[in-house]
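Reviewing the structure listed below.
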Amino acid sequence: MNKHIAAYGEIMMRLEVPDNLLLRQAENLKYSFTGTGVNVTGLLSQFGYDTSLISAVPENSIGTAAIGAIRRLGIHSDFIIKNNDNLGMYFLEQGFGNRPSNVTYTNRQQSSFNTTDISEYDIVQSMKGVDVLHICGISLAMNNLTQNNILTIVKVAKEQGIKIVFDCNFRPSLWGDNGNQRAKPYYETILREADIVIMSEKDAINTLNLTTTKESKEEQLEELLLVVAEKFNIDIIAGTIRTIQGSNQNNIKGYLLKNGTMYYSESFEVNILDRIGTGDAYTCGVIHGELSNMDPQEMVTFSTAACVLAHTISGDTPLFDTDDIIKIVNEEKNDIER
Amino acid sequence: MNKHIAAYGEIMMRLEVPDNLLLRQAENLKYSFTGTGVNVTGLLSQFGYDTSLISAVPENSIGTAAIGAIRRLGIHSDFIIKNNDNLGMYFLEQGFGNRPSNVTYTNRQQSSFNTTDISEYDIVQSMKGVDVLHICGISLAMNNLTQNNILTIVKVAKEQGIKIVFDCNFRPSLWGDNGNQRAKPYYETILREADIVIMSEKDAINTLNLTTTKESKEEQLEELLLVVAEKFNIDIIAGTIRTIQGSNQNNIKGYLLKNGTMYYSESFEVNILDRIGTGDAYTCGVIHGELSNMDPQEMVTFSTAACVLAHTISGDTPLFDTDDIIKIVNEEKNDIER
Amino acid sequence: MNKHIAAYGEIMMRLEVPDNLLLRQAENLKYSFTGTGVNVTGLLSQFGYDTSLISAVPENSIGTAAIGAIRRLGIHSDFIIKNNDNLGMYFLEQGFGNRPSNVTYTNRQQSSFNTTDISEYDIVQSMKGVDVLHICGISLAMNNLTQNNILTIVKVAKEQGIKIVFDCNFRPSLWGDNGNQRAKPYYETILREADIVIMSEKDAINTLNLTTTKESKEEQLEELLLVVAEKFNIDIIAGTIRTIQGSNQNNIKGYLLKNGTMYYSESFEVNILDRIGTGDAYTCGVIHGELSNMDPQEMVTFSTAACVLAHTISGDTPLFDTDDIIKIVNEEKNDIER
Amino acid sequence: MNKHIAAYGEIMMRLEVPDNLLLRQAENLKYSFTGTGVNVTGLLSQFGYDTSLISAVPENSIGTAAIGAIRRLGIHSDFIIKNNDNLGMYFLEQGFGNRPSNVTYTNRQQSSFNTTDISEYDIVQSMKGVDVLHICGISLAMNNLTQNNILTIVKVAKEQGIKIVFDCNFRPSLWGDNGNQRAKPYYETILREADIVIMSEKDAINTLNLTTTKESKEEQLEELLLVVAEKFNIDIIAGTIRTIQGSNQNNIKGYLLKNGTMYYSESFEVNILDRIGTGDAYTCGVIHGELSNMDPQEMVTFSTAACVLAHTISGDTPLFDTDDIIKIVNEEKNDIER
Amino acid sequence: MNKHIAAYGEIMMRLEVPDNLLLRQAENLKYSFTGTGVNVTGLLSQFGYDTSLISAVPENSIGTAAIGAIRRLGIHSDFIIKNNDNLGMYFLEQGFGNRPSNVTYTNRQQSSFNTTDISEYDIVQSMKGVDVLHICGISLAMNNLTQNNILTIVKVAKEQGIKIVFDCNFRPSLWGDNGNQRAKPYYETILREADIVIMSEKDAINTLNLTTTKESKEEQLEELLLVVAEKFNIDIIAGTIRTIQGSNQNNIKGYLLKNGTMYYSESFEVNILDRIGTGDAYTCGVIHGELSNMDPQEMVTFSTAACVLAHTISGDTPLFDTDDIIKIVNEEKNDIER
Amino acid sequence: MNKHIAAYGEIMMRLEVPDNLLLRQAENLKYSFTGTGVNVTGLLSQFGYDTSLISAVPENSIGTAAIGAIRRLGIHSDFIIKNNDNLGMYFLEQGFGNRPSNVTYTNRQQSSFNTTDISEYDIVQSMKGVDVLHICGISLAMNNLTQNNILTIVKVAKEQGIKIVFDCNFRPSLWGDNGNQRAKPYYETILREADIVIMSEKDAINTLNLTTTKESKEEQLEELLLVVAEKFNIDIIAGTIRTIQGSNQNNIKGYLLKNGTMYYSESFEVNILDRIGTGDAYTCGVIHGELSNMDPQEMVTFSTAACVLAHTISGDTPLFDTDDIIKIVNEEKNDIER
């Protein structure tokens, strides 16, 4: 039987200025519906898994459009409820060359997702038959309600033996002054329950107050993540090292810590069509790797290749099959596929 | 020297689904920047007046785009400040035939305009040289801060002998339960200061607790507005009677009360390209009529013709010259103009 | 518990030339996925029913896109299989005024749906829990395989006590020479099993070899459909009378025969944004009327109003709620809905 | 063998603001290549005639695009030469309802066509095998060079027994002060050679200094055109009477004077998608009517129907077959054509 | 007098998903008309040759659009007939970076071209005045009818002393199991008649059952093509070696065998805007080189430069002049050309 | 108080073919309003300066659109007058890879700007409060009227102590035969008045008849510009050295001569989104550097970084803040900015 991955996460509307224009230059926006949970369940659905999203959207035409978009990706929408009036939105001005992309959020705090109490959802029902639950640290930064929501859902999931995948995603700007201190207890609580964690060296430093005197990213990661994995008893901690050449080109190298050993992928050069959501493809790689019993080296390479390929897909949500990832792993360079 | 009309009003982003599509059907939105104050000063600027807008926009790329759009209309932007993070937005699904247009607002309460205290503006400086100040009743419905802001700016303007144009625009849904009772004192205060008022029979009933036993709209208006004009000592009260045939076709008839007499325009049949903002064109007609000393009958016909023509212009903001309105008044039916 | 309506029908790609252009004038096409079964289950899904589609799409990116589009409409896609290489397509040049719309089909015979044997589907599983099955006469015109497929699925459905809705939709051009003769036995077989039938006077004449000497459409319908209803023991036979004013404007009047009595709606004048698929909205009205126990007069009016409203929605698939239909029934003329 | 119609006329670039926007509102333009000669030969080519255009375009990418567009319409391009640097252009803001369309010309005087001397063309070769030559009065308004060019080409054509079709198209704004006086000798010279003339009562008054005391258009036409036909020995004088309801709707009635009798079509109500170039469809109707020996009543009805249908086609150039016109003549009201 | 190149080849509709999107992500397609014969005659027409296409398109609006598009390229359309109902189509999802482009064909077998017998064309007339006939191996893969058609037209052409250009283009997927064996006699027959052949080492191995033990492409080509040229007495065999860096960047090196000597161009690095149809530009380079008596080294460099430049033109059909190619040959690096 | 920079320069309409298409391939154009003076004052307005443009646009909808566009950039439009009928236009076909961009001008000589005598402007008023006046050498190439206009405005400005920035921009094609000789006196007159000059080695050679035997650009610039600076007593002479890799990639190195010393920036590699107008960003860097008292090395680096960043902005007019430039100077490589 198919494994089932659920995510509890916000659906946002992405409003993209076309043709590398600035908002002030244009007259049109391309919109789509996205979010870490959407991206992860959307891609895993294409990998062949059953997936579902637990979320809240407004009781209006925006909410209706959002649900349609989620369903179009193959995600089950039975646990997306309509509540309150706003959907989180962000405007995207795509960068070019030396000009970085620019994201402008609007009214995230008042969104349906961030104002809907966990009691509004039928959480117990939504966790039935679920094998893996994905949650994201950004929700921890919103407000007390969302913090409580996450802790509750993690608790329910754990009670049912569901594996927890936690993407740390600590954003200092969202936490404000003394954010590190306020974030720490939440992150600690969740890390204690998590089985798979996406964490960078900065996440470790910011959310757990850890320190390192190492210089290279690789050495920092090895020192810090080993501490985290042991302290919180986490099966897998993983992530990517990104080197920015410009907004059209980056280098990506994946890392994955399992059983006390750090594994690295090679460094891939990526041409960037759309950078947003590529980290979620990496997460999907790790989840799929674990569910399909890849060995750690294979898993980190597969996950990094998924992340690499995600840069070539327009929009936040990665859209490809595992076969397409394998071609990247094998460095196949193909002419037109007919 | 040119007369100068200022408006204190919100700038909103209009996000229109193209080609009569529903939001759930489309992938693209056409955006523009609008608001009652924008529309009124924008059209009066084209009539040849000096105009300026007093408003607040967010300190980000959306705010920058909004200011550019306002300037493009010929409105002075010196008193538009950047403050806080959000711009009010609305999504527009254009109707067709028997299907009405649908407007979905998002996060209006948290907008820069609705969260910026009047003390943040340089109100005294912004009123220098101003002849007419336009304000809109929608701002009264927002929150205590905006209510206070309007009362303050009206007070300052009045002290400088500036004429006040007040568009009642009472929207029951924005005021909620017992809205009429809560609205009454604010409306009364402003009506006392206002020189030109845009008011329907429903505005009179809802905001002033007036009643009528008359049946026809015309009789109701005549009964109610005469009471209002006398009680609050208002020079002109005006508005339009709209008969809906369908979302592509309406009939519009203007009314204008001056010196105790009600004047009507003929009833115009209008083909609708874009219905939003057409009332603001009517307001401009009245302001221009008054500033150019039209007689009341001429004024009501001119204003209604401006309103009629505004239905043929895409977007909220009317874009035409007084010459174009005169052609409607004269019922010129023109072939292509070369 | 929710009633469940399933449809067995083809998914086609609609390729529409934008802006009322001809194909030879344009460079771009707007595409969507449609079909009688798609339209019926799509609209009923919005009415709140569970719906599913039994169909076949090609094993390539076109098929993937088609399934996503079906899901976006809220239709269950578990019984849409991927098989063979082609999707039926049609090009649409929208008419204007005295110029009628033009539809050009391409390669319908070779489509996945029309080349997939019924044995490839898991029909028994797909009929579980289904209350109503919708089928369309167009499939009967394709080839022996589709004729056999329909007879088989109707048989399975009938055995499980599922109500059959049959849309006759006889198209002479698809049946070719002596089409009437060849069509007759198929239509007779299905009419015998059908509970609700969408049939025009022309369908009755063409598929059953009936004749009438009456002149008006109403008299013809009354004479012919009564014969059909009795002979085949059909609960409801219904349809619309369309009077063409031009490609932008028609008049629509519904009829519905139940228990030997013919009921009519009033005649609605419709402004046409998109005429295709409006008959399917009528069918949905009848199905919903029957499932919600409307009386016949209410049902015919509701169904006709659904058909009328469908003309105001771009694309083949109607998108609205029953509330929106009730407003048409009540002849509410609404200004912008905010 | 196919008859061959040639036109000597300017190719212009039409730059249309999309979606009924004003130039100041938009960011995009739709462009196409047009002109009276283009429209006439383009439509006649679809009627099945051999057609060719004698014209000049600039020696750059604009000229190349223009030639490609002409060829796409089925017109022979062998006598379109590349010379000088500019193509005549016009910007089109489509009207709506009470708002008329607006055309803004740019640099017409300096266009390749209006600065290329007739000696640059191989006129003798271009007239080989030609049965009908179409010329337009607008060229007479440009400058001495174009006036001389037209007189020359008409002379050459006449010497070879080619029928001359002359569309008077007198535009007072192009001729300036005392335009009537300056235009008169040119018009007289060409009318003397012309076989078929498109002329309104205003053309007659403006270019020939004729007068009438009649009130109705029909009486004026009958009085004036009879004088013209006799004086200049013209076979056919024809045209249309247009009554403007608004920019979306007109009424059109054709007239045609032959052998001293005036024939009229019925008055057609037209919904307007694109009004420009519809007169050229009328001209084509007359040419086709004459070449296919229609009787005068049939000819005027057919020509008017062609004009009516042309209003439903986007762009200047009419695109349809004679069959489509016949359906308008027969007042067939068709649903979708499949 | 101009040389005349004719092609016998299929016209296909290319349906391209815009902006590097996947079909499942988009709502719009850009369409154009293409095919190897279209591309070759289209580019040669721009080089200044007379060109014509012998083909069949459907008797509907798609066929009409196709003919217009061919004419727009400057190709004579007199021998394109309308027959049957379908045009071959392919959907193109443009690749990006490590993601290759994806082409999905639909219903090629049933296209008008592939179902029209050679007897339907006026082949003798179409070959009058022709100097070169271009044919493509893809047609050999379709069905018995197209195989017979090609053999027939080659025979007629040869009898009139027309040079045959044959592009081998062996696609294993089109030939299916044992394709090599079935293809061999057809390829042998045509190679015997061909004067210029476009052939890769894979074509030689697949269609002629040749083998090589050489490792580098260059050595393989030298060994195999020499055998082919001698055995079938072919003047020129040519082609390109493509090295894929990613879907945005390739390297291209041309080869050309003449009189027993293999000539190579340098290797060009190409940035890819549109990869499809670039091989046809190479073919045009060879044809033009031969008709203008270039020496072999000049010819291979010119042809490769044409191929390189074709990658920078959107759409299948290359659009540039020989001058533009010479600039690539000379490695001119130009700033904006004004 | 803010410094005020005025420019006297032409406003042109840029008509860009989208998506790297050729004009002959497309149906749509994206238009914007531009010109050296527009670009310079537009960018300086974003840097925080007061700016104004002295120009003339036609008295029609094109002129209205142009003024709106200028205002949208934050430039004061009080001294843009409406006069005559034409706006200068250019069509842009964007290059790709080895294919250079192509610009086609149309009717520049007849533009409102190039036919409006200086006496039509209120020059004295327009120079009030101005600190810097920017003029461009292209206007010198137009005709006697524009030559005289520039000399006059420079004289008035100089009398008021305004600094003159002169961008030489000698284009041989605009000056025609013996252009160098005819240009020399004009350039000499203006150079005598100029304080900051943008000049390349070619400008020096062409306009002043200077010669050099040096080989490298750097040596040539050092030799020639030193002579110019001394002879005409110019504070700063500056410019960029551009090395073309292809139309998507260039290298840019700035130079700046002050007090007898030549300063260079490093060489920046630039990915090109839009190359046009990037020189104007360099000019703005120099003006801002001078007004904010940067030292010469800082100034040349800052200016070059401004030029580099301008390549990443679509359209002619650079749109960014000085902060964004500083990031380029510091070689910050940023991921998405949120």
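Chains: A, B, C, D, E and F, in written order; residue numbering restarts at 1 for each.
The rule we apply is simple: contacts are C-beta pairs under 8 Å (C-beta built on N, C-alpha and C of every residue); 3 or more make two chains touch, one makes a residue touch a chain.
The model shown is predicted, which means the values in this text are computed figures rather than measured ones.
K.L.:
Going by the average position of its CA atoms, which chain sits the greatest distance from chain F?
P.N.:
Measuring from the centre of chain F, the most distant chain centre belongs to C.
K.L.:
Sharing over half of the contact pairs with A-B by residue number is what counts; pick that pair out of D-E, B-C or D-F.
P.N.:
D-F
K.L.:
Using mean C-alpha positions as chain centres, tell me how far chain C is from chain E in Å, no decimals.
P.N.:
Averaging C-alpha atoms per chain gives centres 44 Å apart.
K.L.:
In angstrom, rounded to a whole number, how far apart do the mean CA points of chain C and chain F lie?
P.N.:
Roughly 63 Å, centre to centre.
K.L.:
Got the chain F residues that touch at least 2 other chains?
P.N.:
22, 24, 26-27, 68, 72, 102, 105
K.L.:
Spell out the residues on chain B that touch chain F in their complex, using ranges where they run on.
P.N.:
Per the stated touch rule, the residues are 68-69, 71-74.
K.L.:
Flag every residue of chain A that touches chain E in the complex, lowest number first.
P.N.:
Within the complex, chain A touches chain E at residues 18, 72, 270-273, 308-309, 311-315, 319-320, 324, 328, 333-338.
K.L.:
Within their complex, state which residues of chain E touch chain B.
P.N.:
Contacts found on chain E: 26-27.
K.L.:
Which residues of chain B touch chain C once you look at their complex with the stated criterion?
P.N.:
Touching chain C: residues 19-22, 24-25, 95-103, 105, 171, 173, 242, 244-246, 248, 275-276 of chain B.
K.L.:
Which stretch or stretches of chain B touch chain A in the complex?
P.N.:
For chain B paired with chain A, touching residues are 15, 22-24, 26-32, 60-62, 64-65, 68, 85-87, 89, 91, 93, 102, 104-107, 109-110.
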